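Across the two complexes that follow, chain A remains constant while its partner is chain B and subsequently chain C.
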Partner chain A sequence: MSTKQILKLDNVVKKFPVGDGRYFTALKGINLEIDKGEFAGLVGPSGSGKTTLLNIIGSLDSPTEGKAIVMGQNISELTHKESAKLRNIHIGFIFQVYNLLPVYTVFENVEFALILQNVSASERKKRVMEALEWVGLQDLADKKPDKISGGEGQRVAIARAIVKKPDIMLADEPTANLDAKNAHQIMRIMKKLNEELDTTFLFSTHDEKVMKYLERIITLKDGSIAEDKQVTPQKTLK
Partner chain B sequence: MIKFLFKGIIRDSSRSVLPIIIISLGVALTVLLSGYITGMMGDTIDQNARFETGHVKVMTKAYAENKDQVPIDLALLGVDSLVKSLQNEFPDMEWVKRIRFGGLIDVPDEQGETKGQGPASGLAIELLSTKNNEVERLNLKSSLVTGSLPTQRSEAIIGHEFAEKLRISIGDSVTYFGTSMNGSMTFANFVVTGTIRFGIASMDKGAIIVDVWDAQQMLDMEDGAGEILGFLNTGVYDDEKAEKVKNAFNSKHTGNKDEFAPVMLKLRNQNNLDGLLTYVDLASGLFVAIFVFAMSLVLWNTGLIAGLRRYNEFGIRLALGESKGGIYRTLVYEAILIGIIGSFVGTAIGLGLTYYLQVVGIDVSGYMDQANIMMPSTLRAKVTPSLFYIGFIPGLFAMVFGNMLAGIGIYRRETATLFKELEV
Partner chain C sequence: MKLAFQIAYKNLIGSGLRTWLNVIVLSFVFVVIIFFNGLIDGWNQQSLQESIKWEYANGYLLNNDYDPNDAFTIADGHGHLPDSDTKNLTPVLIRQATIYPQGRLKSVLLKGIPAGQETIALPTASLDSSHANIPVLIGKRMAETAKLKEGDQVLMRWRDKNGTFDAADVTVHRIFDTSVASMDNGQIWMPVERLWELTGLHGQATLYIADSDFQTENFDGWNFESQDELLQDFRDLIEMKKVSGNFMYIILLFIALIAIFDTQVLSIFRRQKEIGTYVAMGMTRMQVLRLFTVEGAMYSVFGVVLGMAYGIPLFIVLSRMGITLPEFYQDMGVNLPRTIYPVFGVELIVLTVLALIISATLVSLIPARKIARMDPVMALKGKIQ
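So, the complex of A and B:
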């Protein structure tokens, strides 16, 4: 294996209880491997299991059956603390709603991830400003989240996720609330981070604009992988 | 992290203002109540000691058993040598003789006819002796309303209200009628040199204060006294020391079955003060406990509401890699921070109010007419060092306990559920 493996899913099944002892099977035996540096996306209709799958990969949830190995660790076997540590060190999340902590400034929101890692104050300042530069927001460092636009908010969320240089970024519908211009800007920033920092990205999306950037498209249908193909992104996008 | 949490608390007023107000109120009340009780008890004890009980008191056994009736026929005799031996044995204390007596004061006009008459409770102290602190102890100088203190025998000071009622002026001669130690009628004349007001209901009603020597003559009580009071030189009642002195003294007289044998009681054993002190300890302990409980309930609820509002934040923090335990811990830290802030504010307010009540006081003389405990007619709070920290106990405890209960909700929820709420 020439490239480093980020994650490997082996026949992952997820069932949710729906009352009367019955279950709804959201994932029906998913097999998937993602290597370092990939820029991949889960696509598929609403309810096909994209978010459920991302949650399992992000160790926020665990599979009912099968094995999910992320960064060499079996998700099902992790304690609360260990899974928190896995998220803290290796995984960056970006959400549909950018979910910044409203009482903190842009700078502090990004800084928080590093406080959790016990990074020193001077080192934090350096890295937070660096991350804000990546997303082009160094001038907004002292603003509160309610004083910035939606596109800027999502860029802060990217900075917050990337500041700790995670191995994999999980982005659940990151452009769903953005207009076309902002969506493209976000995707270009993420592609650049993918290229410059060799960060692995896994998206969930049904946004055509996002798909145009992807190098690998994994199509989910009713909790199963219907198609998994490498694609050549259209570099000509403005 | 603490600094980070602190910023959050300060900026998110909904997270801090209500709890801080609740804690401040509770803490302020705790401090005030505690200061009030300490002040009241301190004053009460102090006053009892000065006017009635001493830090310890020696009487005959029979006198001790009937002391409410002021039985001068049961007084101690041979008190000069008894006082000397007490002074030798307990040199760090002051020992003074006092005689309580009751009788009638008659005020004659120029013709010698009765102008006014009233029952008086008399107190004889070592007024003319310079070897003791009785004058200071009873605050006689500053309690004088008119006139001056006696400087020679056969002079007396009397209660100001009493003097007004009987229309006595300074320099008037009054006659005391009563029973002597051996039961015969006796009388004596006194020149009134001053009138006095102590601010103690039970003392101001009808008092006459004379020198012990005069009382001994008048009551046929040569070398006798109803009571010998002992005061620790520090001036402050110390129950342990008093207990030691009492035991040392009484152990010498245990074999003596004579009802005129001397017996020593400490302050706590007199005037129901033991019961009062115990009761006050219990009541204030109970009060603080109820407070902590009630405040915890309220703070639990505010914690729950604040927590619900913050599930979104908790979800983000979980995603960023904080563990549930970590989030729970930060909630406790926040509670400690808020508890400290609230306790600070509350303590400041409480100290302010306590100080106000220390200076101004509450006049309760109207309620004191029937009281058989000697209490000051103006109750004053007292700012003591313990007030600076006592409020932190309920303040911190209630906040932390309330929030620990509230925070359990985080553990109950699945990580994925907390997280799901982010997607809205």
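So, the complex of A and C:
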């Protein structure tokens, strides 16, 4: 694994039991390498294995066969505590439905990631405000999630994921619940963070709007990689 | 652990009504448990004091032939001590008699006691001022059941020492009020000197009441029962009350704990995306377990705080003003003061707080374990059934 390499998947297979001793194979021998600073996307239709692959990379799940090496650690060999530590320090998640904690304010939602890292209160305040500034939400710090729009909610989720400056951001259909304007805004923010912080972004999406921003598109079909290509993002988007 | 407290506190405060409903139920349970325990402790203390004051003083010297629990021993259960031995002892002669208030027959215990005695609180001194032929004292309960009032005369029949029936009118000189039912129900008190005359049992006593200066000695034919021994039955009754009360507390606690358990179990379904998010953000299983256990325990802490907020002023008022029981409680046959002053000790409060917090923590642990073992992928999808 090179120093630039963030993750390496080696013949990853994932099977789910469907009863009667039968299994559904969601991933069929995936081989993939992602380097630091990439802005890549897993694309494909529903059921192609995008989210399953993202979950394995995020150490929320483990492969049935093969090896998934993330930040030099084999996901299959990690204990619960070690995989929690991996997520806590190295991985940021962005979900389709934002998954903000409803009883917390915007500030507290973003702060939560740092509390888990035992960051001091003064440092937390500084970094949360910085993260909110990146996504342009410093004015909404005291609002609860139910008082902000969907686009703002997803920007809070980005701030929450990026505040701990993870090595890799995993975004599962981040624009699926957003209108075109908000989707573009979200993608522009993430691209900016990718460029400024050199954070690796890996999306799962079938949204054309997202694909236009990607520098690498990995197409999944029926659990296998059908195509893996480097692309040049449309200049107008930059 | 600090993290669990921090997050649990925010989660509970942020949950609004759901939290407060549980907290209100728990605070109610907390207050009710302390209230009833305080009431029983107050009753216990008061009744013991009243029993000592009105009935037992420092103990009884009982004639060996007399068994307080066997009415058939009254006829022969008497004797006398030499005058030199009766220092600090008040004689009580007990006989069986029958009265006929409004033509009805009523069996009574006729008790003679020196009018000048000060060993027990029975107001016998007033008997000296009576000009009636046979002045008697009766208690309020006896007066009510026999429908007698002060100044009334009622025909009484008794046997003398030879077993011969005799009868005369007795005059109710005074009706006394005591919470000690065994000094009142079915009893008539008269000067022992008069009873000696009526029965021919001069100088005889069924028992002697010892005052505080009495030194225990061996008296042939007599058995001394100390204050502690005499109060043992009452203490046993209180213990029994406490045990039966504990069942009620357990039921109340159970209801409150079910509310916490229900809330925590519902969290498995209602908050699964939140739990999945915690895990995705890097919380360990142990941290999730601690968080949900602390959340459950915190309900009880909030319940205690709320319970104290309205319970302590209530307890202070009740312990000062007391709780006056309805009249019909006086007919229950147990020593029940008309007004009970509950006693709320620190030990009682501390033990109740601990019981509540520990049981809430244990109850929360069960669903919290399940929550901590959730599959984060399924939780994030909200697919846990």
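Details
The rule we apply is simple: the second predicted complex is superposed on the first by the 234 of 238 C-alpha atoms of A that agree within 3 Å, B and C clash if a C-alpha of one lies under 4 Å from a C-alpha of the other, contacts with A are read in each partner's own complex, and residues count from 1 in each chain.
Definition applied: a contact is a pair of C-beta atoms (placed from the backbone, for glycine too) under 8 Å apart; a residue touches a chain by one contact, two chains touch by 3 or more.
Because the structure is predicted, anything quoted here is derived from the model rather than measured.
Superposition of the two complexes onto chain A shows a clash between chain B and chain C. Of the two partner chains, both chain B and chain C are touched by A:87.
Contacts of A:224 after superposition on the shared chain: neither chain B nor chain C is touched. Contacts of A:95 after superposition: both chain B and chain C are touched.
Residue contacts after overlaying the shared chain place A:108 against chain B and chain C alike.
By the touch criterion defined above, A:138 reaches neither chain B nor chain C. By the touch criterion defined above, A:177 lies against neither chain B nor chain C after alignment on the C-alpha atoms of chain A.
By the touch criterion defined above, A:116 reaches both chain B and chain C. For the contact definition in use here, the residues of chain A common to its chain B contact set and its chain C contact set are 55, 58, 60-61, 80-81, 84-89, 91, 93, 95, 97, 99, 101, 103-104, 108, 112-113, 115-116, 160.
By the touch criterion stated above, chain A contacts chain C in their complex at residues 55, 58, 60-61, 80-81, 84-89, 91, 93, 95, 97, 99, 101-104, 108, 112-113, 115-117, 160. On the side of chain A, the complex with chain B involves touching residues 51, 55, 58, 60-61, 80-81, 83-89, 91, 93, 95-97, 99-101, 103-104, 108, 111-113, 115-116, 160, 172. Across the interface of their complex, chain A is touched by residues 3, 6-7, 10-11, 13-15, 273-274, 276-277, 279-287, 376-377, 380 of chain C.
Chain contact summary for the complex, chain B toward chain A: residues 1, 4, 7-8, 11-12, 312-313, 315-326, 414-416, 419, 422-424.
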